[in-house]
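Just dropping this structure here.
For reference, chains read A, B, C, D, E and F in written order, and residue numbers begin at 1 within each chain.
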């Protein structure tokens, strides 16, 4: 705490997750002025059949 | 944004997810009066060993 | 449980919240086939200085 | 509702989940003075490549 | 991290929050076997016009 | 979507929120390679009597 929870599609590459967590933590550290070790970032990966945008599943958008 | 995050058990059928996302988006559109494409709905599926109701895992309720 | 958590701007009118909760619950009931009393819907209202879209606070977008 | 959502690493043992849900429900019941059956506890398990602490993935901390 | 986020109605008394946080942390510590200082508990208080159970606002249930 | 939800203490200064949202969006854009306008960042501010760390309210830690 403080923490950031990220909701998005699957991220295939661990290096991308590594960079994402680092940069979000940089942003949190800059905002809250607390020791870096207190910040937690959680990445949540959602399958395309579980997310709807504009009332339509991402799964179905991809088919188009 | 606006968004709705739904927490429930697994939904086996994609058509059920499709209808759920459509109807929740209809409700959001009616409430917020914003363009339909801005609304996000996320369905989270939880296994029965990870949810407790009344202090008891759903996994154990099913055994009864 | 199941539940839906809605994140959006402030809704001024209680009747709008009433209808939103009713319609989202209808959608959940239709999807999960569980007794209506088990469904929970939570509306979260966020001030425009606490939400960013495209990297910009809603507060600042409104000024434009 | 009320509910508690727990975010942590994977819990291998179902008995540990059983006890966790029971104890958290005890704490909720004591605080809110509502019938026990209304309380919901959800356990979310996160892989070590999806959680960063202090800007570093748990995956990478383990390697050290 | 690990953390627990509690969603419920307003808790008037700080002592009740104090006890709730202590007991939930006890439960987390027992489950995850990590140092006590890493656990975070967040209490979210929701007004009765923002929560629906069974499709009806808590605000309206209270009127009955 | 994708989105980031940040949980922390109150941020007094709007400029700090502005920078936080901008930097987190930069990080999301870099990770997901999607158009910038799709990213949502929500800042949640929690009072010190509603957050416990290590089983103790932040409110009480401050008194020490």
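The rule is short, and it goes like this: a contact is a pair of C-beta atoms (placed from the backbone, for glycine too) under 8 Å apart; a residue touches a chain by one contact, two chains touch by 3 or more.
Note that the structure is predicted; figures quoted are calculated from it, not measured.
The angle needed to superpose chain E on chain F by their Cα atoms is 120 degrees, rounded to the nearest 5. Of the two interfaces, A-B and B-C, the higher number of touching C-beta pairs belongs to B-C. Between the CA-based centres of chain C and chain E the separation comes to 19 Å, rounded to the whole angstrom. Rounded to a whole number, the gap between the C-alpha centres of chain D and chain E is 13 angstrom. Residue positions of chain A touching 2 or more other chains: 1, 3, 5, 7, 17, 24, 26, 40, 42, 51, 53. Inter-chain contacts occur between A-B, A-D, A-E, A-F, B-C, B-D, B-F, C-D, C-E, C-F, D-E, E-F.
On the side of chain F, the complex with chain A involves touching residues 1-9, 11, 16-17, 19-20, 23-24, 26-28, 30-32, 51, 53. Contact residues on chain F toward chain C in their complex (touch as defined above): 5, 14, 17-18, 21-22, 24-26, 29, 36-45. Residues 1, 3, 40, 42 of chain E touch chain A in their complex. Per the touch definition, chain F reaches chain E in the complex via residues 7, 46, 49-57, 59-60.
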